[in-house]
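For reference, chains read A, B and C in written order, and residue numbers begin at 1 within each chain.
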Amino acid sequence: MQGNHPIGDSRRAKAVRRAAAPLAVTVAAALMLAACGGAKKQSGEAEGGGTLVVDTSFSLKTADPGRTFEPTGILVTRPVYDTLLTFAGGDVTKPVPLLAASYEAAPDAKTFTFPLRPEAKFSDGSPVTAKDVVFSFNRVKNLKGNPAFLLDGVTATAKDEHTVVLTTEAADPALPFRIATPALGVVNSKVVTAHGGTDAAGADQGDKAEQFLNTDSQGSGPYKITKYDVGTEVILTRNDNYWGAKPKYAKVVVRNVPANTQQLNVLSGESQISLDMSPDQAAKVKGQAQVLQQPTPTTAFLFSNDNPATSPITSNKDFQEAVRYGVDYKSLLDVAGAGSAQAAGIVPSFFTGALDPAKAIVRDIPRAKAALARAGLNNPSVDLYYASDVTINGINFGDLGARVQANLKEVGITINLKPAPTQTALDSYRNGTEAMGLWWWQADYPDASDYLAFTPGELVGLRAGWKKDANAEVSALAQQAKVATSDAERVQLYRQLQEAMNKTGPFIPLLQPAQVIAANNSVKNLHYNPIWYIDVDKLG
Amino acid sequence: MNATRLFLGDRLGADRTGTDDPAPRRKRRPGKSPWRSPLAITGIVIIGVFLIAAVLASVISPEDPLAQKWPKYQSPSGEHWFGTDQLGRDILSRVIHGTRISLPLALLLVVLAMVIGTVLGAVAGYFGGWIDMVVMRCADLVLAFPAIILAMAVVAALGPNLTNAVLAVVIVSWPTYARVVRGLVLTLRQSDFVQADRLLGASGWRVLAVDLRPNLAGPVAVLAALDLGNAVLLLSGLSFLGLGAQPPAAEWGAMVNAGSANFDAWWVAVFPGAAILLSVLAFNFLGDTLRDALDPRTARAIRK
Amino acid sequence: MSTSSADPTVDRGTSRPAAPRKGAAAGPRTARGSHPFARFVLVRLSVGLLLCLGITILAFVLTHSVPGDPVAANLGDRAQNDPAAVAAFKKKNGLDESLPSQYGTYLNNLLHGDMGTSQQTHRPVWDDLADRVPASLELALVAIVLALVIGVGLGIVAAVTRNRWPDRIIRVVSLAGVSMPVFWLAQVAFYLFSFKLGWIQAGGRLSPGAIPPQDITGLYTLDSLLTGDLGTFGEAFSRLVLPACVLAAFNIGVLTRFTRAAVLEALGNDYVRAARAKGLPEFTVVRRHVLRPALTSILTVAGLTFGGMLAGTVLVENVLSWPGLGQYAYKSALNLDLPSIMGVCLFVAVVYVVINLLVDLLYGVIDPRIRLS
């Protein structure tokens, strides 16, 4: 830049001055007004009354109930779309009527009859009819999305205007539990059809109602969705046409906030409820806020692949035993934090058919070492795969893996951690090519039958190389448990099944993480629901 | 991250007057080496300490960096100077062992990027034509791509680990060198001694290797020195996002990330982050000093 | 130019990603036309267009070489197991076609203004970008203003006090700025100002449930000012301060150093000496003969820095939960959301090309030698 031209100089100077002047004004104005902002903030906090702010780290893709699958989607569609049945409070062992006035299951568990409440109305004031239910169910099936499996083998028919009959191909005692999932919420068929929705075959490509439902919900629940921003917040507004008891809060804002900020917000009063704090954070807010802390229906588990072609080491039954007794379950709970619980079996502790915690595996180093010796493996070295970018209820799977690695080192097993981003890791997991895997399973619906997927030849079983005829005892028990209809019989069979799996299976259930729900003391009637976290409409 | 690259270029291009006085009116006291400045000494001391820590990590760190022996989230105390982390590991030992990851990899990465970038840039600048076109368009492509996203994509495609993170950073860093070297070669090609050599029948490669290489060495060395700090930053940034070092490795960026889970335990993130800052700062002190030492204008100013 | 062959600065172009020198080098070829400047612009434009095309190919190839499967990213365990559901998903997202045909479809749709539908938000990518870009833009704008005010100020002070103690201190400060791991700074600042002191509310652009101002520019602070809503302005601004300061830190360092160098260079010019010789007060000399010429190049660099910032917000936005482009890019990449990744890359490339073009034009206007040489 040598040899500047004086003429060019002055021209440039002017240009700069022009640019600089508005800049200076803006900065000055901004600085002056920052003070006003602070003042407004404080007055804003006082008005809180009718608005409930819920902080959660979003896992949200849609608010169309027929496509809902992610936790945040379930949280926001639950109070918007009434289901035929539901769960009262935190008790998920017994479905109770909601849109149905009652329900009746035939003794063979193949026919279920649901008389509808005549007073139930959609948010536009029109009555909920059997036709709407059938439309909603068929739509879920034909959208072929994530929730479609809930209605596998189920046919919905409208017996009359106010009676729905569901028939199943095989005995399906778990159907009432599935019916209570928010994805099977009932939509206003007339309005949805008018906005491009369809329940016919081919809905997977032909249904165009999702965008509409995201911004303008069409359910019969106590709230309506009035704002839907998949990245920042979802706003629910009280449905004035609601047929049941009016909820206390006129507006519910569900915000996308990372866990570490949630702690701050609940303490400062910016939000009333936080759903994702870790137990370590919860310890810090106790006393200043109410905290619910209990195990979730998610099971974190290890597997040691049963397929010799994948790994001759991990498929060795003695090696599996060495891992099973080499893991220090108590030390894993230390990683997971207060409120987490060891998973005695693969079925979460508060489901019907869960294994008695007293039957849980306890670490036994001599036994593990003996098993390893029997296996004839000298200092085996095995790859452990996991999703590196996942944090579930404050548990980083990398940390969990590092702890398992340290545990097993003490019994003479070398673990090589093989992390990958979830989508890549899922690929190898689902293809059954992982020698050892550290994964989790979140209940699709609160019934032990959801966990039959872990038996030989089934969905998750195959991922661990557990082939169809690998274990006759477990397979037989699974078959019996699946069709048993009486509660007592089911409980008995599912427990036997899990004990058998804990003896010889490739799966090693580790723990159920702790769900922490922290709420401002002003929130009353707070309880934890394992499927949709909280009932916003029941809060006082 | 683009700003990082931009900045690198800037330091050579725009900040070309050096920290020293380009205006001949003020003279630096003759004979005073830039390596004697407090800045350089501080940088040398810090890097020296880190290097010693890296070499003697196993000896000087109080504990095994992987041992999960203590209660988690212990605040700094006489027993654990930097506290313990989420798995009950001694953070001081982990920070010390972290030098073994960050420093050698940063060096390796810079050398790789420098070699690749210099060769491509020199070839492009000297031979021109379609080679120039291809190389510089590739450089443009990489520069126009959001760096961290490119790095993320590369790491995702190859699998998240340190080696691939290094590779990713090399892929996003070489164009800076290529650009600078190409520019230098373009100018040098016109210079008298190159013209003379060519008239004497020297081949293009010979000219590149014999005539141009010594003239490129200085600027490229400065660029590389200044790039060291950025290499540490980028690598630890990728690890922070979970795309570089993986558990249980004691890597600074990953450790800072671990600290974001629980802000009450501030020490989990603060100490490893401070280690990153210090090492990058020291590298930049040294890079700046090296530039002062090599900058021809500075040299002229000294001669005057 | 310089007689020193080893001067790393001989190529002015190295100071910025797009070298005006390249324009200069291309000059002799293009200058043969009757309107060299128009041709220069045309050439730069077509190169930019090709660059954007290249970016789409690179992004497409890279995202497809990831050994993961968008199906795994979007379908749950149960649906994954159902061939009908997998087929439906693939068909809906065009994943059942061959790669070249997928790319062709993408380009074709792009020409018709359709960037595809995001798999993670189920919305058109264009809508997602329209939501996210203003957030990042606002952040980057405030950051660049901060960086300019502080960086240029410090740079001038450093230059006029060169080699004395203020200069030395500023040198260390600016080096610290460029040495700062931004993800760590964000975390520490958040811990200190939000967590411990409670001065700043973090997370989001407005308080929960607040209604954003009428959408004029998409920048909440500007829109609220335009509509006269001071309360919303204050709130939007107060939430902007922390991420903007963190983002500015690095660039303050860059601009300080750049300014110092530019001012020093200007100080060495003959006309400055002439002005001094005339007996003008030092302050006037600096203001009139040093600052003005230096500011032009400083503003240029600031423009380029700004372009880099838009893409460089990934770390800051993720740590401080700012719902901008950086956060969106990160999530898209993690979820293998191909249309979104393509959209982000394309957007950043276009910004890059446009800014570079503007800078080239600016230089062309300022210094005729570049376009005519």
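The definition used in the following text is that a contact is a pair of C-beta atoms (placed from the backbone, for glycine too) under 8 Å apart; a residue touches a chain by one contact, two chains touch by 3 or more.
Predicted model, so just to flag it, every value in this text is computed and none were measured.
Counting contacting C-beta pairs between every two chains, the top pair is B-C.
Relative to the whole-protein C-alpha centroid, the nearest chain centroid is that of C. If each chain is reduced to the centroid of its CA atoms, subunit A and subunit C end up 37 Å from each other.
Subunit B and subunit C have Cα centroids lying 21 Å from one another. For the pair subunit A and subunit B, the distance between C-alpha centroids works out to 43 Å. In subunit C, the positions touching at least two other chains are 1, 12, 66-68, 195, 265, 297, 336.
Looking at subunit B, residues 156, 159, 260, 263 sit in touch with two or more other chains. Annotation for subunit A: residues 389, 421, 424 touch two or more other chains. Residues of subunit B that touch subunit A in their complex: 66, 68, 72-73, 86-88, 156, 159-160, 242, 246-248, 258, 260-265. Interface residues of subunit A, counted against subunit B in their complex, comprise 259-260, 263, 278, 280-281, 284, 331, 334-335, 388-389, 391, 394, 396, 398-399, 401-403, 405-406, 417, 419-421, 424. On the side of subunit B, the complex with subunit C involves touching residues 1-7, 9-24, 26, 28, 38-39, 136-137, 140-141, 143-150, 152-154, 156-157, 159, 179-180, 182-184, 186-188, 191, 215, 218-219, 222-223, 229, 233, 236-237, 240-241, 253, 256-257, 259-260, 263, 266, 269-270, 273, 276-277, 280-281, 283-285, 288, 295-297, 300. Those residues of subunit A that touch subunit C in the complex are listed here as 1-2, 4, 6, 8-9, 12-13, 15-16, 19-20, 23, 26-27, 29-30, 33-41, 44, 51, 53, 61-62, 67, 69, 143-146, 148-149, 204-205, 210-211, 214, 229-233, 235, 251, 253, 255-258, 261, 264-265, 268, 270-271, 389, 421-424, 426-427, 430, 441, 444, 453, 459-460.
Remark: subunit C residues 1-2, 4-17, 19, 21-22, 25, 50-51, 54-55, 58-59, 62-63, 65-68, 162-163, 168, 171-172, 175-176, 178-184, 187-188, 190-191, 195, 250-251, 253-254, 257-258, 260-262, 264-265, 267-268, 297, 301, 304-305, 307-309, 311-312, 314-315, 318-319, 329-330, 333, 336, 341, 344-345, 348-349, 352-353 touch subunit B in the complex.
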